[in-house]
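Okay, structure first, notes after.
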Amino acid sequence: MDPLVGILMGSDSDRPVMDKAHAVLERFGIRFESEVMSAHRKPGRVSEYASGAEERGLRVLIAGAGLAAHLPGVVAAHTTLPVIGVPLYQEALGGADALYSCVQMPPGVPVATVAIGGSKNAAVLAAQILATGDEELRARLRDYKIELSQGLKL
Amino acid sequence: MDPLVGILMGSDSDRPVMDKAHAVLERFGIRFESEVMSAHRKPGRVSEYASGAEERGLRVLIAGAGLAAHLPGVVAAHTTLPVIGVPLYQEALGGADALYSCVQMPPGVPVATVAIGGSKNAAVLAAQILATGDEELRARLRDYKIELSQGLKL
Amino acid sequence: MDPLVGILMGSDSDRPVMDKAHAVLERFGIRFESEVMSAHRKPGRVSEYASGAEERGLRVLIAGAGLAAHLPGVVAAHTTLPVIGVPLYQEALGGADALYSCVQMPPGVPVATVAIGGSKNAAVLAAQILATGDEELRARLRDYKIELSQGLKL
Amino acid sequence: MDPLVGILMGSDSDRPVMDKAHAVLERFGIRFESEVMSAHRKPGRVSEYASGAEERGLRVLIAGAGLAAHLPGVVAAHTTLPVIGVPLYQEALGGADALYSCVQMPPGVPVATVAIGGSKNAAVLAAQILATGDEELRARLRDYKIELSQGLKL
Amino acid sequence: MDPLVGILMGSDSDRPVMDKAHAVLERFGIRFESEVMSAHRKPGRVSEYASGAEERGLRVLIAGAGLAAHLPGVVAAHTTLPVIGVPLYQEALGGADALYSCVQMPPGVPVATVAIGGSKNAAVLAAQILATGDEELRARLRDYKIELSQGLKL
Amino acid sequence: MDPLVGILMGSDSDRPVMDKAHAVLERFGIRFESEVMSAHRKPGRVSEYASGAEERGLRVLIAGAGLAAHLPGVVAAHTTLPVIGVPLYQEALGGADALYSCVQMPPGVPVATVAIGGSKNAAVLAAQILATGDEELRARLRDYKIELSQGLKL
Amino acid sequence: MDPLVGILMGSDSDRPVMDKAHAVLERFGIRFESEVMSAHRKPGRVSEYASGAEERGLRVLIAGAGLAAHLPGVVAAHTTLPVIGVPLYQEALGGADALYSCVQMPPGVPVATVAIGGSKNAAVLAAQILATGDEELRARLRDYKIELSQGLKL
Amino acid sequence: MDPLVGILMGSDSDRPVMDKAHAVLERFGIRFESEVMSAHRKPGRVSEYASGAEERGLRVLIAGAGLAAHLPGVVAAHTTLPVIGVPLYQEALGGADALYSCVQMPPGVPVATVAIGGSKNAAVLAAQILATGDEELRARLRDYKIELSQGLKL
């Protein structure tokens, strides 16, 4: 079956952080795909991917990037699917650059930004978003919430 | 019919910014309700509202707050619905306080944060989220995207 | 006898910093208790604890948290006891996120914020607060002040 | 009768913000005094005031200052009473200078810092502190908490 | 004759700042064109413009944007012409968001960033760039430098 | 043959970062020279170098510096050649000091600033600048752009 | 008689702030001169002035500048006289740019930095510096200190 | 003979950074003394030291401190000697706290602030200050300036 969530990241070096989303999505039984594509080095690939994402059956996109972190915003420019932005930490400026570049989007094209390095929460948010139209997933989220309150470490 | 989106804000003084979300939601034909409730002055009301939101039929919550801006996070603690956080500007610290307080949520409880003062984008994001389970709304978002590209001012 | 000070923290990983408060409280002969409870993962436990704290005999609460650091503010929302907030350091944003989230509380619900990682000072402040109604503790604080001036390392 | 709370500020120009504490203290029936004294221009007056405060019957000190904002810390250096710091806003650096100068105190000498410009909350915190040794004041704080939840504007 | 410099901006509201570049370019006799095109609302137009810029005879691109300020980076992704970024001021975050979003580009795709609101300097830089291959323009820049030293207000 | 690009840096300790520009320039077949000269310790050498750069045949200058990072601006004050500034990271202030000191130049004297530590991008930008007057170099940049999109690591 | 203090500023627009130093210097009977000279637009004038300052009898230099604020550092590069830097406020970045550019000087070439907009304190500091070799001036400073403590507004 | 420069620091842990000033002062043949005294733990010692410094023959004071970094300002409050402040780095807030606390002094009581961790420059500045009344020291500074330009590492 086709994936519902697409995970994008700007560079191979973002993998260790971004791949933490996988286990969370798997817990909720959400099919996903993951690809490295730079908004600056492969803009054509990004616009192609984002433009075709809805038709391919994807319902939520997650994009992680550091530094100027344009990837989530560029993806959002080419789709009407909800785009979750994960700003990634770098020593210089402490991640404030990526955070501001993700979150301060102009009117009309939002990026749903989570914490610096917050790829797990991006996955939880993706599940919450998909659950708005999926009662079974809502039930799984309620169970998960209970487990969280019982000490589950995400 | 029951509202699908609940808009919350911490103080009456947040109304001028937060009410800009209304026209956007109306454009997409999304029913909403709006209420002032402080996470710090009426915590019981907030947990009651958030805990019961899903059962009352709400599918997305939007919460705007300034300063320490705990409202979105407190709401998110009590629901599995997606919570969109709108950090609000204050002269001291230039909105960085509200932005950090909204977005830097710990693993397990995300807040989908938009730009400082970005209530319109919160509404667009709410529409995108609801559209993941609603083909007709997806079509309306595609039309809206075209209008944006043709100069529509949000 | 019942504890007078309750120390809360959002996560087990906060223990190494927050437990530095113990020796300070012990020095002043102040009984305390300490518990991990996340404002976001166990909000019910937090509101229950904070709401019942005064009746259980607690007189000061200390809450440490990192990132969005809502715990002190959420505790303060549910009690009229003085709440001391300890913002905890994280590499990204250098602790500014936790500091702003602790200190920028809205009118009506203060959090007495100490330095980033300042759990020892939270304990000293708790002693100073309790001493406002306890002449013997005030005397102990005067002795402690003299020792500080003589080179005591806290 | 003698005042229990001393309110200090570094400059006459701090009066409009700092005097907002008066109505709050009056509501709780707490006697207070208020004086302008700069830590930098009148250091002798500050150390004299702080050193003698406890003996004169004061139980809590509130100190507001902008810029390098040393007043709260200097006061705290000369007393074992709890000192509440109110960082004051200035256009340059947006109040971050005063906030950092108030809150980042070294081990042994805490300043209980409230929000930038948060003089009302300083007064509430002073009441909470005094209430730890005063059951009647605790009752008044419980009433106040209820009024807050009913819409009382501080 | 065809323009050598293309000036882009994300929104009509950027005109008052960005149009200050015109007089500077005119002084140096550099032909230019100017267009509003949002990287987020009209991404197709931006990639089309940037991709075709070199072939149309343009030699330098200037892009101004506020908030997440992706325009300069998106333009740079689609061309090998030098791209000058002008971060634009907004009250919230004081322009730091736009500055970081412009300047913190990843390896391979630089944006030549000037000061916040620095559209005049963007024009001077464009002249300096074009002058690397144009002796006559270099002479004009030397004259201009002398006038600057004699009190010319840019 | 004479070099076209001059690379300057404020201190020997800047070499490891700044020398990353070499391979990039070599790839494009651009002759360069590199010299350590502090704007503060050898101001005469800097003004001599910058003043004579154009006549010696240099066409672009790259200047890297940390801390107050005046070197790029001082160089720009003495030449009409385009000056590319590379702000260098230091632990204290996280590179924000060097970034602000490079980029916030006053009207009339721009510095084309790249990312913190972005010496490779400074070299790419130098190539783009020289290519405005050099069709063969433009062709090489187009090839490079294609390689970037195919996974070339800069 | 020749002036002992030279006051420099980067732009005519800095006059209103920088001229506040005059009355303070006059109070202490210190002869001074004042000139506008941009480190970026008139670098030759600045190096000439700074290089010759000691021989002309000047003993302290005060330099005010905003934005990248190189003037104090460039002056310091050309003299062994003590140089006092006054960072000037601008709306974007709130003066942090000028502060960092003034104060973060590399080893060997200090700038004695005062507060953002602190031209009066620059004058007081100049008096304190000159007084290290002038007993009469030291006496005047002691009187001034007493007046400060009695309420003198600087 | 009596020392001319007094070096103070808030804590033993500041020694490694502050003691770097010694070699610089020795180079210039300037007698100095060095003492640890906390503005917060030993305020009486600090005011005694600062108040008596001039009479004891000291002519310049250097004070280093981290965090809220009140020491330089408190010293300045008690003397008319020039006070040089050295803000010290801490991981949380990256030294911005100490920098702001040192430099943002109110009118009337300047602190001559140098770079974060800039103890060597504090010593150079002390030499420059003393040289305003000492021709021989001025000559030594001119020699030193030449050596700096020849590659002397401070």
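Labels A, B, C, D, E, F, G and H are assigned to the chains in the order they are written; within every chain, residues are numbered from 1.
Note that in this section a residue touches a chain if its C-beta (ideal position, glycine included) is under 8 Å from a C-beta of that chain, and two chains touch if they have at least 3 such contacts.
Computed from a predicted model, the values in this text were never measured in an experiment.
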Which chain pair is joined by more contacting C-beta pairs, C-H or A-E?
A-E
Copy of A-F's interface among A-E, B-C or D-G, judged by over half the contact pairs being the same?
D-G
For chain D and chain E, let me know how many angstrom lie between their CA-based centres, rounded off.
50
What is the distance, in whole Å, between the centres of chain A and chain D, each centre taken as the mean of its C-alpha atoms?
45
Averaging C-alpha coordinates per chain, one finds the centres of chain F and chain G separated by a number of Å equal to 32
Each of the following residues of chain B touches two or more other chains, namely 41, 44, 67-68, 93-94, 96, 99, 103-106, 108-109, 115-116, 148
Touching pairs here come out as A-B, A-C, A-E, A-F, B-C, B-D, B-E, C-D, C-H, D-G, D-H, E-F, E-G, F-G, F-H, G-H
Would you pull the chain F residues touching chain A in the complex into a rising list?
89, 94-96, 99, 115-117, 148-149
For the chain A and chain F complex, residues of the former touching the latter
41-42, 44-45, 67-68, 91-94
Contacts from chain B onto chain A in the complex sit at residues 54, 59-60, 80-82, 84, 99, 103-116, 118, 120-122, 124-125, 128-134, 138, 141-142, 144-145, 148, 152-154
In the complex of these two chains, what residues of chain E are touching chain A?
10-11, 38-41, 43-44, 47, 66-70, 73-74, 76-78, 93, 96-98, 100-106, 108-109
